[in-house]
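When the chains are written out, they are named A, B and C in that same order, and each has its own residue count from 1.
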Amino acid sequence: MTEAKELLTGNEAIVRGCVDAGAKIMFGYPITPSCEILNGWILQADASKDKTKYLQTEDEIAAGFGVLGAVLAGEKSFTASAGPGHILMQDPMAMAENLRLPFVGIMMQRGGPSTGTVNFSQQEVNLAAFGGNGDGMRIVYSASTVAEIYELVIKAFDTAWKYRFPTTVLGDGYLGKMKTTVTLKKPLNPVKSEPILKELKESTNLRNCYSTEESLGEVLAKNIADWNAARYKIAESESYKTADAKTLIIAHGLVASAAKGAVDMMRKNKIKVGLFRPITLHPFDTKSLISALDGVKKIVIVESSLNQLARLVKYELAGMKLDISEVAKPAQGFTPEEIINRVEEING
Amino acid sequence: MDKIMPESWKESTKPHLFCPGCGHGIVMRHLGNVIDEMKISRDVTLGIDIGCSLLSWNLFNVDTIQTHHGRTTPTMVGYKQVKEDRIAIAYMGDGGGYAIGLQSMVHAAYRNNPITVIVVNNENYAMTGGQASPTSPVGMVTPTSPSGKSSEFGTGFHAPEMIAGIANKNAFIARGTVTNPIQMASLIKKAIECQKSGNFAMIEILSMCPTNWKTNAKQSFEMLKEMELLYPQGEFKTGKTEMEQK
Amino acid sequence: MKLQMLLAGEGGQGIQTIAKILSRAAANAGKEVSYIPSFGVEQRGTPSLAFLIIGDEAINYPRFDVADELVVLQQRAISTANKYVSLNTTMIFDSSTINHRSLPKIAKKILGAPVTKYAFEKFTPKSFNIIITGKLSHQLGLDKAIVWEVVAKTLGKKLTNPEIMKATKAAFEFGYDLTFEEENFSEPSYLPETSQIVMKGFGKTAYINPKSCKGCGICIEKCPVKALAFGETLGVYATPVPDIDLEKCIACGNCKRFCPDAAIKVDKDKKA
């Protein structure tokens, strides 16, 4: 287990995570702020003397379907993209959702909609969880630090291959490009991959198109049952200083890191505030959220998007009488100080 | 009971779901024969598109993956990157191949990805009701060209010719027709051998669609005769077989 | 008054054409109508259903769970059709292709009409759906002339030949005037052949699989000596299977080479 401190960017940590998870091939298309993942993977692949491989494709759609081809062949494979490229990923991800393929994608959120900015946002939550033409049987992780994105990338491969739902790790442009001191915890026993087209005497014949409503309905019922059985094993969150909190901030990703800073500073001033941080946005860790609500008078949802986190939260809390405020700043980040100001405004 | 169908066909899923008189059936039959002859049914993975080709998802006793429309080529490219020793076939129609999927086919040729692409060209989007496709000839009446396909859209989409221009010198690029099944089978075989030699192969096969053309057998062959004049058959790039490479 | 009629048959049988004609005719007669097809991506080989609703008031949902009248025209469609049967359902079936014993017993009434037999014996095989259209028009209380006008318009180009027009009208009127069998149903005699046909002669053996033959006619077209012609045996979609004249046949292999369904071949017998 490596415990030494390193100076790494988020994108570099992601490449390390994919290598340490046992990924064998990456398909990608250059798009800011994820390019360094493709560049970095290719550098290590060339140095690995073909033990790991790559293909720069003609577009993100081809990259996504390349991942599906590799996964069908039985190798851990992934792609990385952002914004407009993340939109194009919906085509292959929908096929993965129907066929239960362990697609892994790392999406570094940037301002949207459309070309927006290349920098930062949290506006791709809906896309990651519910994009495509299905009902969203997809797993979404949200990383809040460089160290965490390394861990979540490895976890994404494990979860995808174990439960067979397409899995996205959400980062953002700041996380991708910030250089920071980290200690990477190498994984133990990554989940093994296996060929999905099994090469047996009785062939494996897979389809995603059905003739009747009922036959598709059967497949979906099974997928939903599997999702429901697995959701609480997959769902994860962090409850930070929530035990006696009267105000609960809910935030994810890098915004949650800033919120942590805000919580610490407010606690120094004896303000009883805590942070609930979903690590999986989908499936949502509802049970932990409900526990964290004990004694809470006000909820403040903070996100660099408009309502995308808030909708997920409110769905989980439907029917409960709660005082919820939404602090939304699409495509722009929050410093800890700004979060403190907004919370104080709300608390009056 | 004497067996008429190829060994590599799955008996339990017959009759297959292609329409009566569909050219796909003739192609599938000879693809099956080639697989039997080359003894590669355990080595082939067949990718198929969305369109009428999707109906073949359980036709063969060969690993088969039905992908999305226009995405069979990139899926098989990815598959072959991992499974270098298996034979990856990407099978599609003229819509999936030359409209939505053209970009990926051109790039697979450009990179010389060692896969075998088979495009069955029946000059329309058959599954969705016969709409005009890139290869539909001028004047063809379809639901999206009710007064006949305009010449503004070009006089005929010659994809193998175009792709031959961008493909590696060792690629195999050809066009055949279901009216000459012996030649067609030989093209399929060469296209697979070219993949085995490490190069890209693509063949287009002129075919018929009696359902959307609203033709009987005789009329289907008459229409194919005209197609054969518009789309010349032959080898545009002859590739190198495994034997020659050694 | 609202009538929910479900037509169930094989894809490619013309179920949708029948429903289109009846819905157009009912609309022309001043009724409120809704019609929606239900089928999979395949053109053939799976059940084709038509949900037809005819009433006096606006209809808000095109499908229903229970049919007032359920018309079944192919044996393979019965299991799908069964889902829509209740104690109040009247079942109408083609007694020349369906065994009445395989129909659900709970239906209120069972009415048979051997339309395929009449089509083969009195008209042309393909006219069976015009015959049933005639009968169903009468069943729905629609005026013969109004419906015929719609039939003529729908079939349009196919009826330009005056002989064909005359024959089609005759089939329609025959159907309109048919009486249903309410008991003593005809025995189904127009069923697809399930065993392989093997014919020997003139030093050759021919094999034909009716279970795979869809009656496309390509083998007939491609035979260089015209040794093949449509025969009387029915294939899997109830279309005629070719008959082979082994004397004319030269065992060139064309029929096998061109058959999209691998349903036919001729082998030269090995010399002893």
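As a working rule, a contact is a pair of C-beta atoms (placed from the backbone, for glycine too) under 8 Å apart; a residue touches a chain by one contact, two chains touch by 3 or more.
This structure is a prediction, so every number in the text was calculated from the model and none was measured.
Trainee: If I rank A-C and B-C by number of C-beta contact pairs, which comes first?
Mentor: Comparing A-C with B-C, the pair joined by more C-beta contacts is B-C.
Trainee: Report the most central chain, judged by the distance from each chain's C-alpha mean to the global C-alpha mean.
Mentor: Smallest offset from the overall C-alpha mean is found for B.
Trainee: Can you compute the centre-to-centre distance for subunit A and subunit B, using the mean CA position of each chain? Integer Å is fine.
Mentor: 39
Trainee: CA centre of subunit A versus CA centre of subunit C: separation in Å?
Mentor: Using C-alpha averages as centres, the distance is 54 Å.
Trainee: In whole angstrom, what separates the CA-based centres of subunit B and subunit C?
Mentor: 32
Trainee: Which subunit A residues sit where two or more other chains touch them?
Mentor: Only 209 qualify.
Trainee: Give the residues of subunit B that touch two or more other chains, as numbers and ranges in rising order.
Mentor: Counting only residues that touch two or more other chains, subunit B contributes 54.
Trainee: Could you check subunit C for residues that touch two or more other chains and list them?
Mentor: Subunit C, residues with two or more chain partners: 41-42, 46.
Trainee: Please give the residue numbers of subunit A that touch subunit B in the complex, ascending.
Mentor: Residues 24-25, 27, 53, 55, 57-59, 61-63, 65-70, 72-75, 77, 91-92, 94-95, 197-199, 201-209.
Trainee: So in the complex, which bits of subunit B are touching subunit C?
Mentor: Those in contact with subunit C are residues 1-2, 4-6, 9, 14-26, 28-29, 54-55, 127, 178, 181-182, 210-211, 216-218, 220-221.
Trainee: Quick one: in the complex, what on subunit B touches subunit A?
Mentor: 10, 42, 45, 47, 50, 54, 57-58, 60-68, 71, 74-83, 86, 103-104, 106-107, 111
Trainee: Under the touch definition given earlier, write down the residues of subunit A that touch subunit C in their complex.
Mentor: 209-212
Trainee: For subunit C, which residues are in contact with subunit B within the complex?
Mentor: Per the touch definition, subunit C meets subunit B at residues 12, 41-46, 196, 198, 207, 209, 211-218, 220-221, 236-237, 239, 256-265.
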